[in-house]
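Each of the two complexes below includes chain A, the first together with chain B, the second together with chain C.
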Partner chain A sequence: MASLLDALVTGIVYGGIYALLALGLTLQYGVARILNLAYGDFLIAAAVFATLLYQRYQLSPLISLVVLLPASFVVHLLVYHLVFVQLERRRGSWRAMEASSILLAFGLSFVVSGAMLAIFGGQLFSYSYLLVPIQLFGSVVPANRLLALILALAFGAFAYLLLVRTRIGTAIRAIAVDPDGAPLAGIDVRRWAGFTFAFGGLICAATGVLISMFQTFNVPMGVTFTLKALVVVIMGGVGNAVGALFAGLILGVTESFVARFISPGLTLAAVYGLFVLAVLTMRTGIFGRALR
Partner chain B sequence: MTSIARVAVLPVLLLLTALVPFAGNDFYIALGLSILLNAVLATAWGLFAGPTKYISLATAAFFGVGAYTVGLFYERVPMIALYPLAALIGAVLAVFVGLTTLRIQGMYFTIFTFGLAELIRQLMTWYQRSVTGSVGVYIITDITARQIYWSLTALLALTLFGGWLLARSRYGLALLMIGEDELAARHSGVRTTAVKVVVLALTSAIMAVTGAIVAPRWTYLDPNIAFNPTLSFMPAVIALLGGMQRFWGPLVGAVPLVFLFDQLNARFPTTYTFILGVLFMMIVFAIPDGILGLLPKLQQLRRAAPAPAAPPASLSAPLEPSTPVRGASPSVDGMSSPTRSPSPDGSVLLEVQGLRKAFGGIVAVDDLSFTIREGEVFGIIGPNGSGKTTVLNLISGVYEPDRGKILFLGRSLAHKAPEEIARAGIARTFQLVRIYPALTCLDHVVPAALFGGHVRSLGEARVYARELLEELGMGQFIHVPAGQLNFIDQKRLELARALALRPKLLLLDEWLAGLNPSEMLIGMELIESLRGRGTTIVLIEHLMQAVRRLCDRCIVMSFGQKIAEGTPEEVLAHPEVVRVYLGETDDA
Partner chain C sequence: MHRYTRRAVLGLVGAASVSALLAACGGGQATPTPAPQPSPTPPPVQQPSPTPTQAAAATPTVVATKPRKTMRVGFAISKSGPYAAGAGITIYPNYILWAKDVNDAGGIDLSDGVYTVELIEYDDQSSPEEAIKAIQRLVNQDKVDLLLPPWGTAMNLAVAPVFHEFGYPQLGVANLSDKTPELVKQWPGYFTFLGTSSQYSEAIADLLGDLVNQGKIGKKVALIYVDDAFGLELSQAARKKFGATGFELVYDQGYPLGTTDFQPILTDIKQRQPDAFVACSYPGDTLTLPEAAMVVDFNPPVFLTAVGTAFPVYIGKFGQNAEGVMGLGGIDPKSPGLMDYYKRHKQVTGQDPDRWGSPICYSSLQVLQQALQRVGKIDRQAIIREIATGSFQTIIGTVKLEGNIFYGNWLLGQWQNGEFLALWPKNRAAAAPLVPKPAWKK
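Coming up: the complex of A and B.
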């Protein structure tokens, strides 16, 4: 019973983080229409920086956030305008662009992870921050995890309010629904799609820093994070923030239970299992491809 | 290069390749192995991704599965049986991936393949830990590097030959159509999912066999070697560099890139992945059509002549006027049996009962019923947004109705996919033309004839398609890419594609819209000639002039409901119709 509760609490903590993880990607994919396969690698980059700042300068990850989030925003803005916009200029049709942009993102993931591999290799990163046990519903949770969860939910809520309550958010949602119609309402699609891509990158970095607070990681793990983010996005529905929250929780709890009661080696299999379920139960709309 | 020279070059090249181990030392064999390995993987990858534009990122998964087939079973199963076994396992895995994700849009396929190698790597690690207790296996065989080299050469030859055959078959054409416009392909009767899954399975089997052949080279195999992500990456780079849609592409790409990466790996082992990524991005950016894609451009520059833009992979290379198979070369007349006459009291062809379709809160079609008899031209008219096109999409299988029945020749069309409905004899055109700009006119019509099921061979289909196009006045455009046609000819081409299915029922969605007045007359005459031959036609139309002239009977729709039915004269005089079109009048 106690282990059941432990698994559930761990699952919920991870689930909250996964929801945030997916939120950044769903913004990038749903609005900027870029399937960012380098997402997990950027996440690891933020996590590595947070670790280094903590280890070398005793900088609390909370302070790292202040530095790393704007940095990630700028980097992603540059990537969007210097890489993807340029690609779109060179290709006429979106259809031709789509295949190329996936390949480009795939290349980008090798560039980002390759750069980190060149510097750090496959070494494991971790640091002990706020390793204080806290009693929660009869289960013991380290304070760092709890803080990560709370921050994740706070970031998520902030992003959600930005999308729903502001003029910018309205413009962004308009682009998500109809990128061709949005300019007719006076929305600068290029500009706000870029902003959203960068904002997704900011959330990506935030997730990375939060994960670094309690989990051991290394550079090759980027792929797994990209995949988990994608699966949550698909389960929750592209561009659906509330869907991402629920899907993230489902993924987190499933993973935690599989790891605890079956085998930790099968967590990715569990992720794929959810993926297959999500895809098979999806309505197969034939126009899906044309309309997205 | 003529096709005969092309056919001759390959065996010579392969023979020379096969001779390398006799002349060279171990270094050349190792390098040759690497080139062959990557050439096979890239060719197999390109066979599927090239025409369909479905990007698979899981080459390493299939390769690794093949390698592990050998690693786990070589002590118990003879080597010669392991290759087919690896192929089978690779194909089964591909079928699973394909059936899961290839029914829906391409993005899911790419995402699924993106993590597949990592998934299988972890599963393998888990399996070995929990079953054998140690990760990794030793493969001790007496297979030499030369034998591996020759096996790979043979596999490359086989793959190239298979690709050549595929490109010349109906399925090659089907793959191209899928890449250009999948929905239009389905309405031409192509079973798109089946075609995609089968080709994916075949190419994945080749990747698995490659893994099985190469496995003994390693003596020690662990999941990190077998499922190395670089293996998913290299084929894509190579195929892209050479030119994804071209037969020679992967071969042309493999040689320089393997040399380059070999050097890079030796000199910059730590920054290798990084450089790989940068190079890849540069290739995607700078040469999207690959090295071979640059050649026609260079030739154009040199000749400074307006050489016709060669369609990337047109399959109907100039076909010499082959002996026409008269018996099997149906003309437009053959579309319907000559005994049928255009009489409005023919037997019932299509029956629609209580049809309803809602999108969210909007009811696009509401409790609609009508009957279409053989030989009549049936009009569906109504203001914009009244649900006309939705009716057409319901009949042709794009949507499933929420309620109601559609009976075609007395049989229900419920749960039938567009391609099944097309094969059953309902053809359609699209409101906004859906052609494949890069494919020639002939390549539009041939598959519809083939997949429609009334023509047996590709040769017969070509003859049939040629005649059909000529009959529609498009004889001079047979080898012209459809993107270069003007609007009426694109519409005519769509009609030809629909007619090539030899439909019992033809659905025309605002086929006359957007034509200028003289084109319109030509268009109406064309429809009249079809009608004169007894083809049953459903016409969605805004032009009352056309409705009056062409339709035997019509219904008027407004907000998803039928508000009038009868001959055009009756219907257009109906007060409700007048109200819907012109608004309330004072004296009404």
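Coming up: the complex of A and C.
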């Protein structure tokens, strides 16, 4: 019984990083309508910055978090307006640009990871931060993972409240439903879709900094993060912040239980089995309907 | 006016992204980079790809001053993709360092001239198909005189038939496998300098058995392994040897490549109270396992992880907490030339070499160079014969291959006072094992 509770608690805490990872992408993909395939590469960029700042200048990743989040917001805002808006302009409508935006994001991913490869090569980045064991309901979890969970919950709650409870949120959801029709209701599509895209980029940077605290990574790994995020996003329902949160936690708990009680070798199979099941049985994620 | 400025901004951004792309391609893609060349080499006049016979027939010049020539040495290596980390630490810097060392010393003195080394490199993108294409291109178009091998067992096996077809020696380093003894029968030019997997597994069991005999540990072992060719091969041989020598395996499970959460596994293992924890792990896991161990406070007398323990990033990350951790590889700082190599490697390439494959890689290049000098000309079949039968002086001592495999490496090491000291084979150990391992410092 005690070990069941332990597996549950550590699973939830370790699932926090999946939730955080997916949260940014679900906003970009589901709300701003851009499947940002460069997501993992931007994440790696933030992780590399945090690592270098820590190793060269002993700057705490918590401080780089404060610096990198707004920076990433601005970078993503620029990317949105200078790249994706131009595409929309050329295509004439948001719906028409959706397919080509995927190709564009794919290219963007090569630009970002290629530039980083040219500078850093394939070297491994790794350091430890906030590796403090914390007692939680009788289990021990590292503080850095707990922080990831707290950030995921905070950003998730913020995104949910913003989208569902505010006037701006209503406008953003209108964009998500029909970007070409939204201007008829007086909604500035570029402004608010850009804001959502950039907010997703901010969460992406937060994930990168946190991952750098406990995971060994190198530049070519960006694409694996994009894929993982996509899996969680689809499970949670595209554009559904709360769904992404829960899907992330469910994955964490699944991995924890399978590794503990069945076999660590089957964690990957269990996760993807769950994913296939979710896609087959639930059309719009675990909550039955997308937020949009 | 407004339109105009926006267009200007766009143009600027376009230009910037194009140049970024070009820079990216320049770094990631293959561009022939000539190695540093100290001497004013005349333009390559001759050398239409010297086939063995041509090279043998050419140049009966017995002059005091030999002509200066360029030897084109090509390789395909993973500069991007999942293999880039290993290749970038263990192999690539040594190619650069070796070429510089050779050229700084004035080149390689052969019968028909003094050769300076020019490196021609391609990025194989961690893809066997790309590697094969690059090797074919190096031979057919770039007309290289010699080829250097890629990183990783899978990549080395992928290109081996091509090396064999063109008759080039393949002095593999990061191509650890138990199948090598069979493979060299079909590919006489295929070598491996790292040994075989079972050699390392047996060393683990032997070292633990030795510790049991000394009364330092009990006989309970927990074994985990990455579900991948290397992890399976290593753990299989270890399991067999553990069984044969009376060890009790209290835990024996694989985990998928890329696992980042080891807490459930270690929590389970901790309850079984093993005397030794053995992980047949890859670098990413090796660098993550100690963290999970610290969190659940799992500190067995022997904590042994496989690939990556000997990497400089390991001591950089864990510092004092690395103390007492065992892993594959190890060095003896007292061996002549080795510490000088470590210093030069850092100076020339700007990064620290690892404490396992790096010096072996450099030694393999020394073997190639000495074989070349003994043969006296670029006769690749003769070079293959010389490497297989000769004995060579290198920074890791005398290297003599048996059946195209070098078995004389340090197999296991342990971090002690910031250096990864060799523990096994026992007769060449640089230090006695520090057991039980000190507690994790928090």
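In this section, the second predicted complex is superposed on the first by the 240 of 292 C-alpha atoms of A that agree within 3 Å, B and C clash if a C-alpha of one lies under 4 Å from a C-alpha of the other, contacts with A are read in each partner's own complex, and residues count from 1 in each chain.
Methods note: a contact is a pair of C-beta atoms (placed from the backbone, for glycine too) under 8 Å apart; a residue touches a chain by one contact, two chains touch by 3 or more.
In this text the structure is predicted, and so the values were computed from the model without any measurement.
Q: Under the stated touch criterion, which partner chain does A:265 make contact with: chain B (first), chain C (second), both, or neither?
A: In the superposition, A:265 touches chain B and chain C alike.
Q: A:99 contacts which: chain B (first), chain C (second), both, neither?
A: Only chain B; A:99 stays clear of chain C.
Q: After lining up the shared chain so the two structures overlap, which partner does A:140 touch, if you call chain B first and chain C second: first, second, both or neither?
A: In the superposed model, A:140 contacts chain C only, not chain B.
Q: Regarding the shared-chain residue A:227, is it in contact with chain B (first), chain C (second), both, or neither?
A: Touch partner of A:227: chain B, not chain C.
Q: Kindly classify A:86 by the partners it touches after superposition: chain B alone (first), chain C alone (second), both, or neither?
A: both
Q: Which partner does A:35 contact after superposing on A: first (chain B), second (chain C), both, neither?
A: A:35 contacts chain B only, not chain C.
Q: Tell me which partner A:111 touches in the superposition: chain B (first), chain C (second), both or neither.
A: So A:111 meets both chain B and chain C here.
Q: If we overlay the two complexes on their shared chain A, which of chain B and chain C does A:184 touch? Say first, second, both or neither.
A: neither
Q: Quick one: classify A:124 as touching chain B (first), chain C (second), both or neither.
A: Second partner only.
Q: Residue by residue on chain A, keep only those touching chain B in one complex and chain C in the other, then list them.
A: 83, 86, 110-111, 113-115, 117-118, 121, 224, 263, 265, 268
Q: Show me the residue ranges of chain A that touch chain B in the complex, using the header's touch definition.
A: 35, 37, 83, 86-87, 90-91, 95-96, 98-100, 102-104, 106-115, 117-118, 121, 223-224, 226-227, 230-231, 234, 263, 265-266, 268-269, 271-272, 275-276, 279-280, 282, 284-290, 292
Q: Please give the residue numbers of chain C that touch chain A in the complex, ascending.
A: 9-10, 13, 17, 20-21, 23-28, 78-85, 87-89, 126, 224, 227, 253-256, 258-261, 263-265, 267-268, 283-284, 287-288, 291, 294-297, 311, 313, 316-318, 351, 442
Q: For a test of understanding, state which residues of chain B touch chain A in their complex under the given definition.
A: It is residues 53, 55, 57, 100-101, 103-108, 110-112, 114-115, 118-119, 122-123, 125-126, 129-130, 182-183, 186, 229, 233, 236, 240, 270-278, 280-281, 284-285, 288, 398, 418 of chain B that touch chain A.
Q: Note which residues of chain A are touching chain C in the complex, please.
A: 3, 6-7, 10-11, 14, 55, 82-83, 86, 110-111, 113-115, 117-119, 121-128, 131-133, 140-142, 214-216, 218-221, 224, 252, 255-256, 259-260, 263-265, 267-268
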